[in-house]
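Just so it is clear, A, B, C and D label the chains in written order, and each chain counts residues from 1 on its own.
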Amino acid sequence: MVGGGRDAFIGAVHRIAARIDDQYDLVAGCFSSNPEKALASAADLGVARAYTSFAEMASKEARRKDGIDAVAIVTPNHMHAPVALQFLKRGIHVICDKPLTATLAEAKKLAKAAEASGVVFALTHNYTGYPMIRQAKAMIAGGELGDLRLVNVEYVQDWLTEAVEASGQKQADWRTDPARSGAGGSTGDIGTHAFNLANFVTGLTLDSLAADLTAFVPGRRVDDNGHVMLRYQGGAKGMLWCSQVAPGNENALRLRVYGTKGGLEWAQEDPNYLWFTPFGQPKRLITRGGAGSGPEAARVTRVPPGHPEGYLEGFANIYLEAARAIRAAKSGTTVPEGTTFPGLKDGLEGVAFVDACVRSSNRNAAWVSLNL
Amino acid sequence: MVGGGRDAFIGAVHRIAARIDDQYDLVAGCFSSNPEKALASAADLGVARAYTSFAEMASKEARRKDGIDAVAIVTPNHMHAPVALQFLKRGIHVICDKPLTATLAEAKKLAKAAEASGVVFALTHNYTGYPMIRQAKAMIAGGELGDLRLVNVEYVQDWLTEAVEASGQKQADWRTDPARSGAGGSTGDIGTHAFNLANFVTGLTLDSLAADLTAFVPGRRVDDNGHVMLRYQGGAKGMLWCSQVAPGNENALRLRVYGTKGGLEWAQEDPNYLWFTPFGQPKRLITRGGAGSGPEAARVTRVPPGHPEGYLEGFANIYLEAARAIRAAKSGTTVPEGTTFPGLKDGLEGVAFVDACVRSSNRNAAWVSLNL
Amino acid sequence: MVGGGRDAFIGAVHRIAARIDDQYDLVAGCFSSNPEKALASAADLGVARAYTSFAEMASKEARRKDGIDAVAIVTPNHMHAPVALQFLKRGIHVICDKPLTATLAEAKKLAKAAEASGVVFALTHNYTGYPMIRQAKAMIAGGELGDLRLVNVEYVQDWLTEAVEASGQKQADWRTDPARSGAGGSTGDIGTHAFNLANFVTGLTLDSLAADLTAFVPGRRVDDNGHVMLRYQGGAKGMLWCSQVAPGNENALRLRVYGTKGGLEWAQEDPNYLWFTPFGQPKRLITRGGAGSGPEAARVTRVPPGHPEGYLEGFANIYLEAARAIRAAKSGTTVPEGTTFPGLKDGLEGVAFVDACVRSSNRNAAWVSLNL
Amino acid sequence: MVGGGRDAFIGAVHRIAARIDDQYDLVAGCFSSNPEKALASAADLGVARAYTSFAEMASKEARRKDGIDAVAIVTPNHMHAPVALQFLKRGIHVICDKPLTATLAEAKKLAKAAEASGVVFALTHNYTGYPMIRQAKAMIAGGELGDLRLVNVEYVQDWLTEAVEASGQKQADWRTDPARSGAGGSTGDIGTHAFNLANFVTGLTLDSLAADLTAFVPGRRVDDNGHVMLRYQGGAKGMLWCSQVAPGNENALRLRVYGTKGGLEWAQEDPNYLWFTPFGQPKRLITRGGAGSGPEAARVTRVPPGHPEGYLEGFANIYLEAARAIRAAKSGTTVPEGTTFPGLKDGLEGVAFVDACVRSSNRNAAWVSLNL
């Protein structure tokens, strides 16, 4: 692992996610850019191979017989690319937090390098790991909604309602700093999740978007709210809303999709439920593992219906699916059928989405395409 | 009453709404443009003074000693203005269904004439009659949300998912005919309700909007879906979504408003509940008449908390408040404090909203202002 | 109308319910046992034929050519029988608030007299008027749940959490006085509603019950909470909970029924929804007037799905159905097919239910049968 | 681990729960009473120290220097006691699935032996591990509900609606066999969870209960539904409903508690929410980790509010708290303040609860006390 030391948030999530299905052992890490904190964090975690430089870690681990198979990158956004490049060029598989990078140029460079290297590259757009999201994707792919017309996706939070970055809160600090987070604020931090989730579930490809971004909190250097209209190839249209200044919303990621034959509705905070609304019939509530829930959900679920799974299990599913791919890569076998996890294409599109939102908003919400 | 004969929908709603609080008697009517249906409908309803021409009704009723005090206009949109003009010029108060008219030019003309006439003019933007909407308006006016930043309003239906107008369904027929409905489809039929509700609750004034309208159903001549980004004077921003092609949605009118200090969320299909989300505190569920529900809600409520009121009671509240104004006008007294109902200004803004949406959409979602 | 003057609650509800469908005119009344209040209330309501004695009202109205067809009785419970007897013996139809009487002896006497008189006798167990309750009843009668096994019904309030009767609150005052309310407190006031609703929907007949009643508030003379286990003829079993001391509950009447093939769940505070849970299939949410909602619901509904109907409309449905029976009685025709409203049998069972609860509780929750 | 081999359900849950917080390594196991299955399961799990006899495992592990610190027992109920006794007499700590044993006599014997041994004994009444349950317990202990009056707890399922045991379904097979499951069916399997949860949260002690148990499915040898009335010491009363034949219910464990000052409501299927209803104030929705959620919840939570935790995290909390106690026992230090997990007392009460339900039901729902 690179990043994820003391005071970090997402690193601990990755570690639990990796443990749940017993597919990974954490044996080495460079847990902070601060050497002291890096070593102290390693001690906290009982990790013997503690590094203070990620480059050193990559080179040394690559040379060990028992070196790591894969690295998890959980640094602030601007460090994803430099770190990833060190590992993938040595053939070490990469599991990287999202967004792929802080800038589009970097993202393109990284994607190219990663593709060339042939390593497994998993990007933790973790919400795609929820079983009912897999179910939704399968239902749409199976034609149960008919031709898609409408996508409504939103990711709404409230934790940046006030200028917490001014008080030194670590998470707010780097997330509102364009140098570390990228040009997008809410768009980069959560809008990318919303955009990715809609793409993942619907299978649609964006044609163009029109975005109106705002920094509501005085002095904030990146957007804390984004209103985006979407046009997909093939004629479907959508709206995307991301916000970090809407009091009462914690992690309200919500997706609604409608087609000629029916609709689907899902909310991340209640992830074990999926509403299916076939036109002209009563609404149906499909539960994870319950009646109407199919094999695509079952392959990423652990406990029976009515026993809720949550965020950590969804996250673990990315690790689980990536493990299947990494094992196949190591053994030279084919990846098991149905293995699905977000990767370079998703990462590239996510960074391009933020870039397009910023470009559009700077031109008064003109329609722009992703610059891929 | 003009309109509202056999096969009509909204006329019966108006009649119940007028009866609930015992403030009106239905004594005269021209219930259809079809003379036979007009008379048959009058007979159905036990209304003795049955007319086959609304102009004749206006002139005869104006001359009777016991002539009507007020007329309810429940015709298709394009007939609102011609009918209203006949009555208001004779000093008969008007309760008119929304939108005010089918075109902006008509709306301006009617508004001017109505204002000059001095009659009470109530427009049945009925959703403003819900007690918890009154509560929300009062809380925002009282500063409980701080400075407003965000408005998210949507009115989503599914009944036009297929081309029902092709099968002669009466409601769909005129609502998808620009000559009778106006240039807007979903924008005119339900988008205006959403727009009006947001204005009513927040007290904000629109600066400009950018709209992307679509007719998804092949052959449909008006929009059946509208995506709209909003910019309000003072810096608040919003999104408005209206749709008639989202399967599983019946009358999903939903409003969310967020400010620097808190938020409010309300849904028309569950109208007795209002979520209040003060920043940094647990969410609170205010119920109609329950703890935290104030006098502005109480003035338009009839039964205790936990006994749900619905659409008809909300609609009746417009009639009740209009009755207060009409009585005051008749007796030359002042209107009771707190009397609130939508009128010409709302009607004009509503038609201007549709006009602006159509203009913006025709210019690829360029930002436009209301042409008031 | 007898009762329902100033300060009363349920009288106003009856009046609105009677108006909604335009089947009744309020032309005479004895609105209070206090003569001054009776006359003042009549003046408030614009009712010309104002009486200060219900016996006088009955005899005079019976002699008038334009005398009332039906009387609504909305007095405290102990006066239902004396008033009803005066009217029904003169052939005036009766619409009476529940419970039928304050004591079982009275109830039996009244039921006998009413039956002998041949008048229409409607008891406003108003919750049976909700469209989705009609839908539930029809589905069970149609076998969609298979053989019934389980009934879980509860009516939970919080308004008597503290000793409000001590402060002179009128509603609490008579409801906690056994002389006026009957031996049951929460059992009589709301437990009867719950019991009746379960019977109405399921069609089951009680075999026996075991009740544990409590007066939690010090000094209270009647129960404010009842726990009841139910055994129905044919083997189904149930639980009934009524409480007036459960903070956070307004009028939480909730019914759940399960059979060999599926279940149904309904809540009065959200009455437009009915959950249908066929075993082994996804749960379905049936909405009033929406897909899956049948003719039994449609006959008592007024507005389209998604426009909520509430308590007053449900109440009005009792008046509407009673009007159909009264018209038939007056004209000597048969009552229209499907006409359904609670009457003497329900009233008798309700009072017998309270009586049985009290008897059982006094014997330490021994099993007892209704003493019918 | 003893039990939990191929085809088992709860064993896998225990293993994940043990891994989540990285406090345990699975190094030895006797995974089945069938030797072949035991060894095959060990191979599946990569566990080197594979045993075919739990007694052998206990004795051999006790002798190893690197022998296990604790054993997880996940066998059918009737084997809990024999297995536990083998380990605890050798000083190996025990984490045992619930109920403690299949019979009360066994439970008493085991409890005595365990207490004498001084080992840590954790019983996985896992629902007590949910953060919002900890929150509820703390609020009640802190007096926020005032004096408790009412408890309503239910655990409702549908998976035994039909006679699945007849088809050889392994989970149904042993759970409906009194020899392996104990005299209670639904009461033992899920009623104990409900009873334990109510005790845990409220801190109340049962005085007596009256139970009406039923086996609805023809041929079933244990109850599949239980209706229970509860009387607690100090005057609070309650109802408990457990059922496995209510279609549409998956694991609907729901707890409601009311006192003189307010109420709390929680549902296991949506475990991140806790309703708090202070009397006379709007209802508040407390979310795990959100505003109003205190330190007792925080000590057993891993991710921020709005990122749902579920069943596995709740289960893991039992393992986490037990690990704290086991570490303290090993090092001879005091257990960290606030460490809370169910143990022998809970286990004994649970088995006594089932025993009392069966005794009461056999005496036509007479009131009985726990035979402790």
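Operating definition for what follows: contacts are C-beta pairs under 8 Å (C-beta built on N, C-alpha and C of every residue); 3 or more make two chains touch, one makes a residue touch a chain.
A quick map from chain label to UniProt name: A, B, C, D = Gfo/Idh/MocA family oxidoreductase.
Values in this document were obtained by computation on a predicted structure and should not be read as measured data.
Undergrad: Work out which chains are contact partners of both chain B and chain D.
TA: A, C
Undergrad: Could you find the chain whose CA centre sits the greatest distance from that of chain A?
TA: C
Undergrad: Could you please state the distance in Å, as a whole number, between where the Cα atoms of chain A are centred and where those of chain C are centred?
TA: 55
Undergrad: From the C-alpha centre of chain B to that of chain C, how far is it in Å?
TA: Chain B and chain C have C-alpha centres separated by 35 Å.
Undergrad: Rounded to a whole Å, what is the gap between the Cα centroids of chain A and chain B?
TA: 42
Undergrad: Which positions in chain C touch two or more other chains at once?
TA: 249, 280, 283, 287, 290
Undergrad: Which of the residues in chain B end up touching chain D in this complex?
TA: Touching chain D from chain B are residues 276, 280-287, 290-292.
Undergrad: Considering only the defined contacts, which chain B positions touch chain C in the complex?
TA: Contact set of chain B toward chain C: 9, 12-13, 15-16, 19-22, 157, 249-252, 268-272, 287, 290, 302-313.
Undergrad: Show which residues of chain B lie in contact with chain A when the two form their complex.
TA: 149-150, 152, 158, 161-162, 210, 212, 214, 216, 225, 227, 229, 231, 237-239, 241, 243, 245-249, 256, 258-263, 265, 275, 277-280, 283, 364-365, 367
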